[in-house]
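In the two assemblies presented below, chain A is common to both, partnered first by chain B and then by chain C.
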Partner chain A sequence: MPVATAPARAESRPLVPLAILGLALLALAPTFLVEGYRLFQLTLAVIYAVAILGLNIVTGYNGQISLGHGAFYAVGAYATAIMMASFGMPYWATLPIAALICAGLGYAIGFPALRLGGLYLALTTFALAVAVPQILKYHAFEEWTGGVQGVFIAKPDAPFGLPLNADQWLYLFTTVIAVAIFLLSWNLLRSRIGRAMMAIRDQPIAAEAMGMDIARLKTRTFAVSAMITGIAGALSAIAVEFVSPDSFSVMLSITLFVGMVVGGIASILGAVFGGLFVVFVPNLAEEISKAAPGVIYGVILILFLFILPTGFAGFLRRLAGPLLRRWRDGATTNQDGR
Partner chain B sequence: MDGLAHQLVAGIATGGIYAAVALALVMIYQATHHVNFAQGEMATFSTYIALTLIQAGLPYWVAFLATLVISFVLGVVIERVLLRPVHDAPVLTHVGIFIGLLLVFSNLSGWMFDYTVKAFPSPFEAGGPMLGGLVSGHELGSTAVTLAVLLLVFLFFRYTSLGLAMRAAAYNPVSARLVGIRVGWMLALGWGLAAAIGAVAGIMIAPVVFLEPNMMLGILLYAFAGALLGGIDNPGGAVLGGFAVGVIENLGGAYLVGTELKLTLALVIIIAVLLIKPSGLFGRVVVSRV
Partner chain C sequence: MAHDAAAGGPVAAAVAALLEVSDIVVRFGGVTAVAGVSFAVDQHQICGLIGPNGAGKTTLFNCISGIYRPTEGEIRFEGETITGAPRHRMMGFGIGRTFQNLALFRSLSVRDNVLAGAHCLGHAGFMASALRLPRARREAAEAEARLHHLLGLLDLEAVAEVPVASLPFGTQKRVELARALISGPKLLLLDEPAGGLNHGEVDGLAALLQDIRRQFSLSILLVEHHMNLVMRVSDKVVALDFGKKIADGTPDEVRSEPEVIRAYLGEAPHDRAA
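Now for the complex of A and B:
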């Protein structure tokens, strides 16, 4: 499918994996440089970055607005917690299963809403996000979910006698998985399928006329996105050692959305900034007032939409100028949510 | 049988609230094709304003009217300042701004009026149970007030020239502009009206569910369900849908799923409507020309 392959892009390709490799090394360094609670916060930031990447794939790259990705995060977290607590599975073995469950759920949720415009998907997913804590508390599932109390699990120790404490191992484990997911997503979005996703976002009618199966691509994109966010949720359960219904309120979905907009819509790097933002900015703001993080979140979200609609990543890209722009794929700068 | 009758009446009473919020949503949807996710939190904020005014010593109905005026102005200002500049921006920008507004208003409510759950006065409590204990004074009163508001809105749009101008601006902005209607201001008025209607809903539901910053979140969900059920581009349909959802919610909560899953019921209604009849019961089927 010859969809506008710019020659400049092909020449500059080898640079990008190198840059990503450098970033990956940069991401691994804190294992040994940061300690205790700070390291735990960084672990959370990495997890949120993965969750936001998942949201960005469906909302940023495919133009389907989801306000309910916290639901998939919750399902991933609960799947892992239940498998560890009730079935005694090792933490690493729960990840693929949690991923599959979330992919299936994403497919099932995305399917009905796809029949209509983006607004209806936003509505449905918003309703899902609001309903999630209630479903998790439901007494029929209490045997597994622990009802209001939630589920406690134990933090894993470093394997193979590695000289790392539990926090360090957790950060390393999370980051390696996150880097793998980022690389896979990068590949996916630069592939034929990724270009088709963006074509459907920008010009659905032309895309369909060129033979793209819009419904199939959209549902599958939604499933992939739900899967990635679900893996992030699973990782968060391991990191926090605890899941409970009230940690997955509608605020979680909104947090992911804010992180995506602030980091950069339709930008892979933006997801990293988003993750850092949602973990560290509320901490700063909380010192002002209990309610302040929410107000500041809202104000920052609106300000970004007005002043920096391409987010922090877009801002950096503009700063770095034409040199950077040449080897970064031109398609990612194009953000159009329609 | 008495139980069923009471559930029906209670359903109609809460349905009136959903109908009002659904109408507010549909008014903005018709004019702009966007759904205001912050409608509920704006209504909660208005309710806090009403409580503050009442506590400051104003008589109930004076505070009620003053709140409507304040909410109206707030709605107009939000449209002019935040939404006017992004009028032609993609859907995602609008959704983002609505979510930002939701965050700001719900946390402002918590920040300014603190997070404790507050009781809210009702002017109808003195009546006590009426019609043989079937309906409480507040249920009857709040249904009367919401019905009166819905009727006023209908009369306004049907019989005044300003209402006609607003409808024209929503249906066909280009032609409306050509005959001299200030379309931008009509949108702002629509926002103001929607905010005022939301405030009525908030003030009427607060004595029942108690006032706290997240009071309207569940109600907004039912209003979504009601608007979709009735047809999101049909104000009358949305009102009927709101009442229907109120009844379904109460009967479902009492006999089917229990109170634990009431919100999930709203989600199920939304998904069911989208799957079975996406245009709603009274909505227009949209056929787009390619």
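Now for the complex of A and C:
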């Protein structure tokens, strides 16, 4: 009786958005509980989480390996900084424009990406990450980019006379946008489009036989991914109050990649953990050894991947899986018993 | 039911053929894999495509499903030419397929695999899906309803949330069948559905194919090595050998065709290859 089980599943669904709402409240709490530099670090972690989510959509969900997402982050950051510094735009109004610019760039790069599979695509995007800081230094653009000096922008104050200091407002603003992006991504990845992304990653020939237009889906996925990472970059410019070519070195792209793997490939929640990891673990490493933080970071990373090979999200899933199953079975039996 | 007559045999020939394959030639370099084959599949018909290894069955099958483009000839579906149409359009025409060596989305659950088959029914794009606009929700709910019907029919309810890669082979084959059926195709292309199944499972498959044909009122084109299954379920059998059609008729007619017996038992020395 397939009809009898259908409502049970449908009814178990609203709990998921409810859980997300709970997490959203949890994310907003630090505005009032954490202060100063720690709050700034948390803001950065939220921003990295968004950037990693963007990377995860194209690499984790769609299987197009990008080692150059730092480039989109940089473009987003510069777009916002230039619009604020040279055109006097308010910080919030620059975000949609920066998003569109990065989406367009991602879409354009999505086309050559169609012809390059796997490691070749990884190397090509890596080349992009190598090239971008130098392009930003190029003297013809100096009037806007400030060349090697970069661009300084002012930190926004809380609007409407809200009783928040600049750090608190920045955290709140960033987190609200991040939560919105995570919710929209959650919807997208659980829709027919998200399913098609994963189907193309797993088995492109069958995906095509199921009526999926691979070229169209892959280029658009690249665009969405670049857009999300670009928004993160734009938020970072506002948070750091400064952009310069050297803040967007190749290392940034690698950092995003590390965050994605550590958090969990093809996991939305994993991106949050990835963001926290790439901000706080290097700090922790520095506290342990001032002389060789890189070594400590490396050791922590290796230990982490050794203990949690499927990332933090995989670990959570393994923990929660049996519990969730028991709960779901319970829900189904209750439904049938009615 | 309404088409009980069709189930009895090639009676439905009065209606225009659903699939018409005319003079298909496929050459790979200097090798001619298919050398001018024509046949038709009628509405509600189960058509078996048989032949020894290398006879050109799979090549022909791949032409119909759009994987290969024939060198010459034409394929018509519901009277319209589909030769050379992009692969991702086939499902939209109403042609669903399964794969010989299984091509499931390995990391996805049974549920998501089957729902992926409904992709061509939906229209919601990135924006509508991210915002969960009413249209996206409506489409998702419709796909969900079809999903539940198919999971019930193919006995997959208990494993709906299980990643498909961890299931036994026979179950994976049923998932593939569900994935091909969810969009409601008019023609189902099955590439060796009995391959790798045990005796009991083949019996079950024969009954299942008849049942599917009745419930979904579709036609089936079956490429199969398992002679017993083909002869049992097909209304019509087309036999190929060395890229040419050697027989076309009811299972009984084809079984007694001397050319077919020769191709399978190798009575005469094969000097025709030259």
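By definition in this document, the second predicted complex is superposed on the first by the 289 of 338 C-alpha atoms of A that agree within 3 Å, B and C clash if a C-alpha of one lies under 4 Å from a C-alpha of the other, contacts with A are read in each partner's own complex, and residues count from 1 in each chain.
Everything below uses one rule, namely that a contact is a pair of C-beta atoms (placed from the backbone, for glycine too) under 8 Å apart; a residue touches a chain by one contact, two chains touch by 3 or more.
Fair warning: this is a prediction, and the values are worked out from it, not measured in the lab.
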Spot which of chain B and chain C makes contact with more residues of chain A, would you?
B
Let me test your reading of the model: by the given contact rule, A:196 touches which partner, first (chain B), second (chain C), both or neither?
second
Touching partner for A:224 - first (chain B), second (chain C), both, neither:
second
Looking at the overlay, does A:65 come into contact with chain B only (first), chain C only (second), both, or neither?
first
Taking the superposition on A as described, I'd like to know which of chain B and chain C A:283 touches: first, second, both or neither.
neither
For A:206, decide between first (touching chain B), second (touching chain C), both and neither.
second
What is the contact status of A:250 with respect to chain B (first) and chain C (second): first, second, both, or neither?
first
Who does A:165 touch here: chain B (first), chain C (second), both, or neither?
neither
Common interface residues of chain A with chain B and chain C?
205
The chain A residues in contact with chain B across the complex are 59, 63, 65, 67, 112-113, 115-116, 118-120, 122-124, 126-128, 130-131, 134-135, 137-139, 205, 250, 254, 257-258, 261, 265, 289-295, 297-299, 301-302, 305-306, 309, 335-338
Residue numbers of chain C touching chain A in their complex, please.
65, 67, 86-92, 97, 99, 103-108, 112, 115-120, 122, 124-126, 129-132, 136, 139-140, 143-145, 148-149, 151-153, 157, 179, 183
Residue numbers on chain B that touch chain A, as the complex places them
33-35, 37, 82, 85-86, 90-93, 95-97, 99-108, 110-111, 115, 217-218, 221, 224-225, 228, 260-264, 266-267, 270-271, 274-275, 278, 290
Can you list the residues on chain A that touch chain C in the complex?
1-3, 5-6, 10, 184-185, 187-188, 191-196, 198-199, 202-203, 205-214, 220, 224, 266
